[in-house]
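As written, the chain order gives the labels A, B, C, D, E and F, with residue 1 at the start of each chain.
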Amino acid sequence: MYPDKFYSVVEGIRTMKIRGAGRIAREAVKALKLVSENIDLEDRDKYISILRDAAKKLVDTRPTAVSLPNGLRYVLNRVLQSYESGASVEEMKSVLVESADNFIKSSLQAIKKIGKYGAGRIEDGDIIMTHCNSQSALSVIVNAYRMGKNIRVYATETRPRFQGRITVKVLNKEGIDVTMIVDSAMRYFINKVNKVVVGADAIAANGAVVNKIGTSLLALAANEARVPFMVAAETYKFSPDTLFGKLIIIEERDYREVAPESWVNKYKHLTIRNPAFDVTPPEYIDILITEIGVFSPSVFPLVVREMFGSFYSELEPWEK
Amino acid sequence: MYPDKFYSVVEGIRTMKIRGAGRIAREAVKALKLVSENIDLEDRDKYISILRDAAKKLVDTRPTAVSLPNGLRYVLNRVLQSYESGASVEEMKSVLVESADNFIKSSLQAIKKIGKYGAGRIEDGDIIMTHCNSQSALSVIVNAYRMGKNIRVYATETRPRFQGRITVKVLNKEGIDVTMIVDSAMRYFINKVNKVVVGADAIAANGAVVNKIGTSLLALAANEARVPFMVAAETYKFSPDTLFGKLIIIEERDYREVAPESWVNKYKHLTIRNPAFDVTPPEYIDILITEIGVFSPSVFPLVVREMFGSFYSELEPWEK
Amino acid sequence: MYPDKFYSVVEGIRTMKIRGAGRIAREAVKALKLVSENIDLEDRDKYISILRDAAKKLVDTRPTAVSLPNGLRYVLNRVLQSYESGASVEEMKSVLVESADNFIKSSLQAIKKIGKYGAGRIEDGDIIMTHCNSQSALSVIVNAYRMGKNIRVYATETRPRFQGRITVKVLNKEGIDVTMIVDSAMRYFINKVNKVVVGADAIAANGAVVNKIGTSLLALAANEARVPFMVAAETYKFSPDTLFGKLIIIEERDYREVAPESWVNKYKHLTIRNPAFDVTPPEYIDILITEIGVFSPSVFPLVVREMFGSFYSELEPWEK
Amino acid sequence: MYPDKFYSVVEGIRTMKIRGAGRIAREAVKALKLVSENIDLEDRDKYISILRDAAKKLVDTRPTAVSLPNGLRYVLNRVLQSYESGASVEEMKSVLVESADNFIKSSLQAIKKIGKYGAGRIEDGDIIMTHCNSQSALSVIVNAYRMGKNIRVYATETRPRFQGRITVKVLNKEGIDVTMIVDSAMRYFINKVNKVVVGADAIAANGAVVNKIGTSLLALAANEARVPFMVAAETYKFSPDTLFGKLIIIEERDYREVAPESWVNKYKHLTIRNPAFDVTPPEYIDILITEIGVFSPSVFPLVVREMFGSFYSELEPWEK
Amino acid sequence: MYPDKFYSVVEGIRTMKIRGAGRIAREAVKALKLVSENIDLEDRDKYISILRDAAKKLVDTRPTAVSLPNGLRYVLNRVLQSYESGASVEEMKSVLVESADNFIKSSLQAIKKIGKYGAGRIEDGDIIMTHCNSQSALSVIVNAYRMGKNIRVYATETRPRFQGRITVKVLNKEGIDVTMIVDSAMRYFINKVNKVVVGADAIAANGAVVNKIGTSLLALAANEARVPFMVAAETYKFSPDTLFGKLIIIEERDYREVAPESWVNKYKHLTIRNPAFDVTPPEYIDILITEIGVFSPSVFPLVVREMFGSFYSELEPWEK
Amino acid sequence: MYPDKFYSVVEGIRTMKIRGAGRIAREAVKALKLVSENIDLEDRDKYISILRDAAKKLVDTRPTAVSLPNGLRYVLNRVLQSYESGASVEEMKSVLVESADNFIKSSLQAIKKIGKYGAGRIEDGDIIMTHCNSQSALSVIVNAYRMGKNIRVYATETRPRFQGRITVKVLNKEGIDVTMIVDSAMRYFINKVNKVVVGADAIAANGAVVNKIGTSLLALAANEARVPFMVAAETYKFSPDTLFGKLIIIEERDYREVAPESWVNKYKHLTIRNPAFDVTPPEYIDILITEIGVFSPSVFPLVVREMFGSFYSELEPWEK
């Protein structure tokens, strides 16, 4: 029923051959565009129905992803709007193409724009702390440096997987001085820095940010020391489900990331817990930096659901 | 001039053959006792002068130790008091023996008493978080468990040297269920526990506690979540110098504890900072548990300097 | 001039025969619909003028109500918008019918939807505190329970009128375990619960919530203990007047609710104050649960005034 | 073995014929004095041994009382000190008489002195909130009023037993204007007052105050509003056990104080919890007003255990 | 190319003959209107291009002004919208006239409306503190007074230029009692007042307020004492640049405002810093009072950029 | 009855010819010593009675001074103690001489010792803010600088009397770089400094510090920014009266210090308030630096009343 290319995208996402929040979303949107192009009929209802089925197939490949449904919401909600105002299939097709292209373009530029807007908030002489290895946070830092601002960075090593070392690598390549510390030294060094920049894995209805375990601890320490805490994230990290009461599930990873199996097996009264993320409440976040501007975390959901969701309904566009 | 045994203690402490805060202090006090026993003269001034020289020699072996000078202060201040009230050498000798024995006995029982007093504050069903591997904190936990209280423990792994694994081992031997987490997960799990117990390396004039890096971060998280934060420490951890403006120096350890040398060498813009301790302010500490009772951290200095130092003078007993 | 049924609704609301925030609003909207149906003329201005007069009559029945004017704003503002874009009377009539029906339907489903969205935020094993007897807060709790979540409830007795006992009755009927406590024991038990859910009587321009006396005290205690504090309320509880500086008046009730008259009369230096409500500031509220989704209290006014009021004018639709 | 009068005091305290924290302590001290007077022997050890047995009998009458053991500690510790310095029975007897008389005199004057010192902190025009019915708190208020200061009072009704009504009665008799409110209105009215004064049932090692349920909630509200929160209490309310880890047990009272049995019996999923007291942490208390002066709550334990307990030992004087 | 009057406005603004945030904005908008009226062609693109050039010229006169570009954004964005929907030059001209007139009218009424909305939040008997001399803050106070509310004012003298004395003058003319204090007495007197009202020079993307140096200190003191802190400001004080990362620059004024040059010259180790403004974070501001209603500071940017800027683009209307 | 010199000291203090907290206290103590030397009798009671009368005369010269009575308490309490233990007049005389000399010596060295202990807490590279012109605070700063520490200072101008300019002068003489700011810029610059040091005029029973108006505002700003706030003060600044409920009176100074009389007279609705001091609560003070060591403000009263007052009595030594 759908072009082969569509099925290969579905498979690519399901098998994680297509990876990365942005890329998944863009591939899904392109696949939907492909489906639309291949529909050759004039029945408005059928056209919508086919699109919905395709979208649903795409969404089902990764039920816990955030960016994937957001891309589809962006496109499909706009198509549905034109459908409701009585547009013909031809007209809806052109709405779909336009909104798909907009989404893809905006998504591709997101990291760059975040870097630009965020760098505006970095001042010459700033010392910045970051946690884990976030592409958008690094975009802010690197951009500021390339603008000629004299900055230095503190990077946590980020247990258990030491992603801080990747951050060190990226910054070194740019020639930016970086000091690496163990995660628990966050509070010890927080008075030596004057900005904190981190990324986000997902953003909830009240502006809370889900990010690498330890982020909320850093936010707490920054808040105590009155150091501005900034989160750099693409808008498609927003999770519209949370507007209707769904809680974001925190993934728990393999305990062997924390300690070797042989050691763990020696102790029968031992459990290891290894959550990958934690939740930073909005009151500890000074500003969200996104590709469409900077925001208070509490107003961000209002802005973003204009982009990705309809306002007064919990129904997803593929469910209507 | 002094007995051989005295010199071997001096050497033992200097070369770190004699280790452990409590043991160093007790050995130093025993050495002073030995010196006193070997003094065979009736001249009060000379007696005091010899003791002072011996004490100074002992203090000089480890200039940054805290327990060592406290043991000597405990004994020597009491001898000086009797000297000032006109006591004979004979009388001073017996004051020295008595106070040395008191110090040694109290020091030996300290961990046990701390365990007893602290366990009184643990309730059946409590879940306790601890950081690093502190003998006195574990004494509280184990004591409560042995009293039949049904408790569980969260232990941080404690980077960079993973002392949390020793804590796991000790608790497993007792049969106490323990969950190990990475350090940066402190805030994620703080709502699952209802008490925090940690140890102390040193305590300052305002009641601030110097302990393993990350302790102040845990205190901050506990404070935010209104989880009582308790510090278990022997009284000789108090640092009377701080009463007269001296700051406690935070030791910085080898960077290779944090990352392998070969990896570090790859990056010329990289520095690694590895402080061993941080400072927890008194307002985040609910109670200090010591072998002479439980205290607010802010009043602790008043109590302890009655034990170890004279009240209105910054002069050390071996300097007068 | 208006149909008899219209006058009987006006009388019913004035004499409080028609009661309950939701019902009042729906009856008023229905009455306006009736008026519209009975208008038989083509003059656009006259049509609007008659509607305005009718709306004004309805609003005047209960000058301090919140839901009543919101229902009328919802409908009338939409009609006025079509008027301004040049619609005919016929077209305006159909806008009126559609928006009236939307309002009524949404209002009727509000409690159910609030229950659904709110229940999403309740987790298995949660222990929930509530205050007074709120239909929407109970909807959240009962919904979560019916979804099979194992929950327990703490209910305050809620002096002076003991509405907590009605809450006990409702929860018992469902089979939900409930512990009743005196109001002043809120802080004592707040550490035993992990969620608080209450209702709202009115919501102000800055997101502050007016609810039963004691609510702000519970919010304060929850905030101190870092227990999430959730307010469940229908959108028509929002008070758009406050956007233009009006303060919500707190009703003071009969002193004999607090102590028997005979006892009071014995003391000539005694006054009794019996305010029915207090105001909870937005910074103590984690989330508002409404029938159109969950929100930060501070952004709620933005959302709701899109529903009920025009954006840049303080003029009520019946005043224009 | 002891005079009859001694046994009748023991019985009087046990059967609660002798009531009131102060009176119990004084009667116990008098009884000990009586015992001492009746001892007719010169053996120092026997004298002490008899006193200890008598003290133990008295302490055992009310194992959870706070004032009773404090009175006995006050007297017996002083006698033991003279015993340790080699005093004769005659001398010890006179120490006992002197310290017993001191304790009784100080205890009898306590309320008056508290009133005097506390009134110094009340300014003309002050509006004071109080909770429950505390003799010492009322002494502060009445004293200030009698000094001619123009003051007014807010009194909570204090559920479940309405002790606030007794407070109203006492203040009316003095002619002091009082406004009574329900307990949950504390925060609503806290901005109308500029001082809070309450009593204490017991005070713990860290300066925390145990008092009528709701006190900690009032302290929280006062703290939020920056209204000074003062606790008026006799020194014998201090609980020295807590210095060695004992927790103060919060008494739970009959559930029928909260709701009538017949109503409660209707609901099988209902529990009623009725704790009589709660614990106010020292950081919410500005000052303790006692008969020996005003103190920060955190330093109070230091002062008081000089009065009632020996410094470095958890052993009670009757246990040594 | 443009009418002479246009050039004289450009010159007037550049040379600061035209002063005052509101007046500058209105004159610029009028000048743009003039340009439009003088355009006599039908080419849509040329029309827009001429307007953009004119706008750019106006903006360039005062690169750091806030109100000036906001006025132009208000008008030009509306014209561009009609351009994009294919309007003719004629139609665009009429959009320009209408939006220019709207802006001018709304701007002229702003102070009055702010006074009206703000006065609604002042209660009889209120005592209000203000800082510096703000026309909009005074409008609130004077309005409340003229409505018959019995109010009093505390005014800081506002170093270094003593603008508080102008405030005293204005209030005296109205007959309002005012107490003047030195700036550093803010915290001493904050408990004597129950409201604070100040103005704003600029408002940033996160709701932070830039105002006279000392404003953030007053906000801090008000927050500590739980005194509501209100900012009265026209909507055109919002700085949309900050949405895209630009930081508001704080002007530093002549040091001779602080101390006489002759005195300063005596000291070679002396620097004087004289920043004119500081930044008050949104969490210390209870409400913003504007001519279009009252808002939480965090949501204000959302509202205002609907007025002045396009939503998803950082491009200024004169740059497109 | 007393030597002429005594009367001339009494007169000197009364007429403010003898000025400065320290000098007044020392002169009064010297005068008492003189009186003692001139007493030629063996009657113990008479000796004490004469001393008391003399002390009372001295105290009465300046009823609100703090240092004067502290000096007399220091000496007289020690004499009374020896009196109570049965000392002869000869012995009491020598106690008086010794304690008078101790007090005078300690007082003379106080500023120097404070400088020494405080400087220990200043680190190389520190930037320090100070308010007003305090000899003891400057002693800390200057001492640190002379020890070779590279430091800089921010000094407030300190309205209304510009004492900050004297601070500038003192620091310039030492060659220390100083930046002067208006008082209201405290919060703007607080993030540029890492220590605050101020003096004290008086210290109350709960550790609160009375100092130049604006000090509590600086403490608040330092607390918000987590900058350590240190108070440098001689022990005789402690006010033991406050232990028994007396409140420290805040002096209100001439309004013409704030604005010229001619300007004030123009406004009939104008009042000027000019309090000289404000009160900083102990929770905002990290440490008190005194000549006998550094302390938490809350424990300071315990230490000092051992020096100056008897423990369990509000009676002054000259009143007994």
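Everything that follows uses one rule, which is that a contact is a pair of C-beta atoms (placed from the backbone, for glycine too) under 8 Å apart; a residue touches a chain by one contact, two chains touch by 3 or more.
Keep in mind it's a predicted model, so treat the numbers as computed, not measured.
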Seminar exercise, completed: Every chain in contact with both chain B and chain D is listed here as C, F
Seminar exercise, completed: Of B-C and A-E, the pair joined by more C-beta contact pairs is A-E
For this session: For B-D, find its twin among A-E, E-F or D-E: the pair where over half of the contact pairs carry the same residue numbers.
Result: A-E
For this session: Report, in whole Å, the distance between the mean C-alpha point of chain A and the mean C-alpha point of chain C.
Result: 36
Problem set entry | Between chain C and chain F, centroid-to-centroid distance (C-alpha), Å | 58
For this session: Find the geometric centre of each of chain A and chain B from their Cα atoms only, then give the gap between the two centres in Å, rounded to an integer.
Result: 46
Problem set entry | Residue list for chain B, restricted to those that touch at least two other chains | 224, 283, 298-299, 302
Exercise. In graph terms, with chains as vertices and touches as edges, which category applies: line, ring, star, complete, or other?
Worked result: other
Exercise. Considering every pair of chains, which are in touch?
Worked result: A-B, A-C, A-E, A-F, B-C, B-D, B-F, C-D, C-E, D-E, D-F, E-F
Exercise. If you look only at chain F, which of its residues touch chain B in the complex?
Worked result: 116-121, 123, 283, 286-287, 289, 292-296, 298-299, 302-303
For this session: Please name which positions on chain D make contact with chain C in the complex.
Result: 131, 156-160, 165, 168-169, 171-172, 175-189, 213-214, 216-217, 220-221, 224, 258-259, 263, 267-275, 278
Exercise. Mind pulling up the chain E residues that touch chain D in the complex?
Worked result: 191, 194, 224-226
For this session: Would you mind writing out the residues of chain A in touch with chain C in their complex?
Result: 205-207, 242-247, 282-283, 298-299, 301-302, 311-312, 314
